[in-house]
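Please find the structures below.
Look for subunit A in each of the two complexes below; its partner is subunit B in the first and subunit C in the second.
Up next, the complex of A and B:
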């Protein structure tokens, strides 16, 4: 009898599907846009919604928007405009406008997003350059949600990957909270209705302080991530492609040395050169090592102008000499750049076709 | 009677369950970047303290520690209080976590009730059966742990920088962290004395504990590497959050909810042992006529206190979070020292 009762109870309690939801009953949030207009936060949710069309189910994106002086209220008010259950597990991208990043800073936003348990922390963040975040999400793509499209664009951007796992929201926050480390975010703009990745938005603490140009961000990526890259460097005539990069930051009491180990492929060369001559390779290695070194130095000077330490030099110093550390040391300390470039690939031509 | 292998396995689960929930973030708040070093120290202290359990076992001719205290009502009350606090800790961890991440709309009483029901059912089947359940859950726990390590181990290696600067935590905080780690890992193992005396060798007794130590230190190391200090200290359930990073071959993702199953195992096996001791105290103290009523009442009391007093009032949960380590360590050590004293006295007599 006991077993029978247990069986009956199990039928009702152990079904596992009593509260399941069909795709058509939930609103999947793929992107969030955050603007600041007239003293109020404007939060836009990009919703991927399943709609029935004949026998088929179609997915379309819808934008919902709310505003308030307080960020959390602006965010939560959106729920009053959505009839279905909101689902944040597939949130891919948060786009913040320049006004938000520069005037209000990211503190309130980061605090709210990290605090909310239903939002996962593995999404990416970007800055809308010259447009509002709403305009970015309103520039709809044919086949997919804007957030999905932009994340793919940022990951596969031709110059280099602007986002890696390092830029996921929780790891970004971790960097921001650690001593002597500032963050950078990729910025997105629209050119003739097409999206374009446009340089890096750099921060000093929670506040965005400016943009740095594409060419700097490309070189800086060599000193911020070790990866398989596709970075094109040229001097007007000769050019190499950096396929693989690794970096090391060595800290001494009064100096920091940035060591780049790079592997490159010759992409174009002056007609005087022959690739049967080993001196050509030596020339390329020396010439481009010097070029990269100079560009990196200029980039660091640019960062120092903004008082932003996105390379985390201060953080490295703190880790080695915590007692000697003070805020801003990363932007004050002397530094040296060493580039070890190995050029050993060149395609299938030995000579320049004339 | 349980086997030596089952003893080691139960020790493995008991040594882990207090870390789940508030444990790891509490340790990070104390130990900061040096948490993992303090934890190793805590576990080493535990290995030394296991010698005390071994001494008790050698000197005790009786079956279990409950036979030693059978006429001592004060020690019985202390033991019940100890079990009551441990059971509350488990129930609070399970209900708060489940309610925060998985079952937002389910009432905590139902979550805790279902969990407790499974434990009570296991205990009703006697030690041999629940020890066998632990034995079956152990390989799953190990496989999931290995899977987790493979999933985020290599990822975490990119962030070894976050473990520096080493030895920069203030000494009092470092010592507190090591003590808390010792308390979380070793103290619940006192309940192993409730099983019949198996005259085990010291090296056999510590196997489960040492293995649990390796898994916990590795988890703390990975959380420390990925999130770094101070983020690891300010987020709740950092050990759960880090699971979100697992990505195997780019297609095994979003499996954090499945992987938390090992913590459920830790809590459920530890729950078996705790409730089993409560049942034994109840049966050896109270008249037979009322035993069947008082046993469920004692268990229900834990559930009601855990849900209504702690889970639903966050200020109480917070007070518990801040003080439970010291209360558990204090009562546990008091119990252990009293037991050693009693058994020595008996032997001398």
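Up next, the complex of A and C:
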């Protein structure tokens, strides 16, 4: 009985109330901005504070900034400037400035973020294009934290949907640490005080190597995701919308084949065509297959120019021929693209309205 | 003879001895109806020959008795007719009970509206009126040294397990107590009361419910002077859904049945989960909701756990005062309580509005359950959950939940597992209690309760 009592008491006294936090005592941090200026890291924390005035609930964001040569020091000096307990579980977004990504690389930052126990791994990461991370967070929104606003923006920017889907930190690091895979981050810029998702920042290892334009990233999404897409392809007059896509990467010893099977619907067409004619569909299928193939080829050429393998071709190769793998093989190996486009015939107007 | 009785009852001034033509009629005035004595005994005695005494007594319930039983019969409202050495007991009981009324504690919109009262004969009658078969057995016992209360086991001998009947009879025989005031005495005396907070015997004042359970193979105990019949064995699921569900369409009632189970667990867990989430696991709350919580908690000086304990305590007080206080004083007390707890406490920043919501949900969901012991066991476990959630957060809720489940599975009701029909799983009982089959398809009794499985043949429709 004595032993039992001792056990119970020790449970309550030794381990009880571990991790107890009162809601009043925490400061919810929604965003982190990382800049590099004059040889020092500048870390900005965006704190979301809710206050009630009368019946109305008001949200206020506060920015706290610290700088130091060492990233972890710069990060943790911020804690001394915040009166409450910093709470990172609801961290939404980390914005890294171009200088950090290009000059310093992400190694030190990712290393710290993985090591610290305070921060989870379900936040998004983005690059500030043309602005510093501080300026991004300083561009305050009306009822929302900048981080929350930006994450919604990234998720909903349809054309770039593939940018954010596997951009959460855990997936990002697992990709980064696996062989033959490079990462990409969405970039955010400010245009007339409004946020805008601009090109895709691509990386070679931990270092950012450049941006690629939207048109490339859209077409590249076909080879990175198999899901319901909503991608618009046009050749000036005629256009189709790809509703459903599936991809397969087949690896041979000295060649990689990317097979796309797509389903689309016709969005606009030249008035010469008639949809009553079966040949029209065949023409569309052939024409757009070729077009998509060409665009994907240019996109991959663009990636190869930067030596960034965001499609993970090297990784696929490593999985099949681990002994023959060497770094950079994803950007050297020959590739072939096969597109199988199927244009759906449901729910269309037969004649072009004139 | 008369002198002996007079000696025994010398302190009962209501003992009357009336002599007509050498025949003594002895009875206790307070228990008997003088009309009945007049009709059943006196009229007969006055106009007929004493030699055929048996035919002179016209009372429907007349028995020849032995001398040693005289006191017992007298105390039970019989008149003793004594002539020479012969003794007869004639039932002339006065109507000391109220009439059959509607069930107050287990109301239902549909179904029969009669309820048991304090008279065991009436109660037995209400059951016998519904089951017309010689298989319906009632075994009588007299329990209580002073009260000599009549306790009756009622069961169907072709359905109910004999072992169960013997077990209950054994336990009833073992009772050594001064008095039985209510059937709940019996239910506490024949079970291990302290083993669990959960009730292992059902109490019901609805004869239709008792009959329904008898037909499933359970047995019932009726106790004189108590309007509640005991039904046993009883399982955890029996206390969640009322049997009056059987009066509704099966397809409709199932959602309600699930809702009740959800309510049970909300009532058990709501304050604990709230405290655990708000003090330990804030990351599980969506950001927008968290911000609203932060705003609400901003002005409240007490920690959320203390706030929860305080509110639950206050609500328990409120509930208790509502039950105890005579209803003739009106509902002013509850209105006052609701006003103080709801409106004033929030505006005085003693509790946060969200806490009011949590506690209200807890208590509203609790109102679904009518059985007293069920409510009390929920309350006990609610405090346990809340206590552990206060100290360990969600981890504590899991610990308490494990304890709850293990305990539930470890207790027995008269040798039957309490967690039946979930563990061990039995579809026939499962579809009588947790969910409901269509009446036509519900053709089997459950294996746990009886060997006589076939209840009805499935209808061709």
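Please note the rule applied: the second predicted complex is superposed on the first by the 317 of 354 C-alpha atoms of A that agree within 3 Å, B and C clash if a C-alpha of one lies under 4 Å from a C-alpha of the other, contacts with A are read in each partner's own complex, and residues count from 1 in each chain.
Just so it is clear, a contact is a pair of C-beta atoms (placed from the backbone, for glycine too) under 8 Å apart; a residue touches a chain by one contact, two chains touch by 3 or more.
Note that this is a predicted model, so its numbers are computed, not measured.
In the superposed model, A:26 makes contact with subunit C only, not with subunit B. Once chain A of one complex is fitted onto chain A of the other, the partner contacts of A:1 are absent, as it touches neither subunit B nor subunit C.
Legend: residue contacts after superposition of the two complexes on their common chain; A:120 is shown touching both subunit B and subunit C. In the superposed pair of complexes, A:322 makes contact with subunit B only, with no contact to subunit C.
By the document's definition of touching, both partners, subunit B and subunit C, reach A:89.
Contacts of A:173 after superposition on the shared chain: subunit B is touched, whereas subunit C is not. Looking at subunit A, you'll find residues 19, 89, 120 touch subunit B in one structure and subunit C in the other. Contacts from subunit B toward subunit A in the complex involve residues 100-101, 104-105, 155, 161-162, 164-165, 168, 226-231, 234-235, 241, 244-245, 254.
Remark: subunit C residues 278-280, 282-283, 287, 290-299, 303-304, 391-393 touch subunit A in the complex. Those residues of subunit A lying in contact with subunit C across their complex are 12, 15-24, 26, 28, 30, 48, 50-52, 57, 59, 87, 89-90, 92, 120, 148. Looking at the complex, you find that subunit A touches subunit B at residues 19, 89, 114, 117-118, 120-122, 165, 168, 170-171, 173-174, 177-178, 315-316, 318-320, 322.
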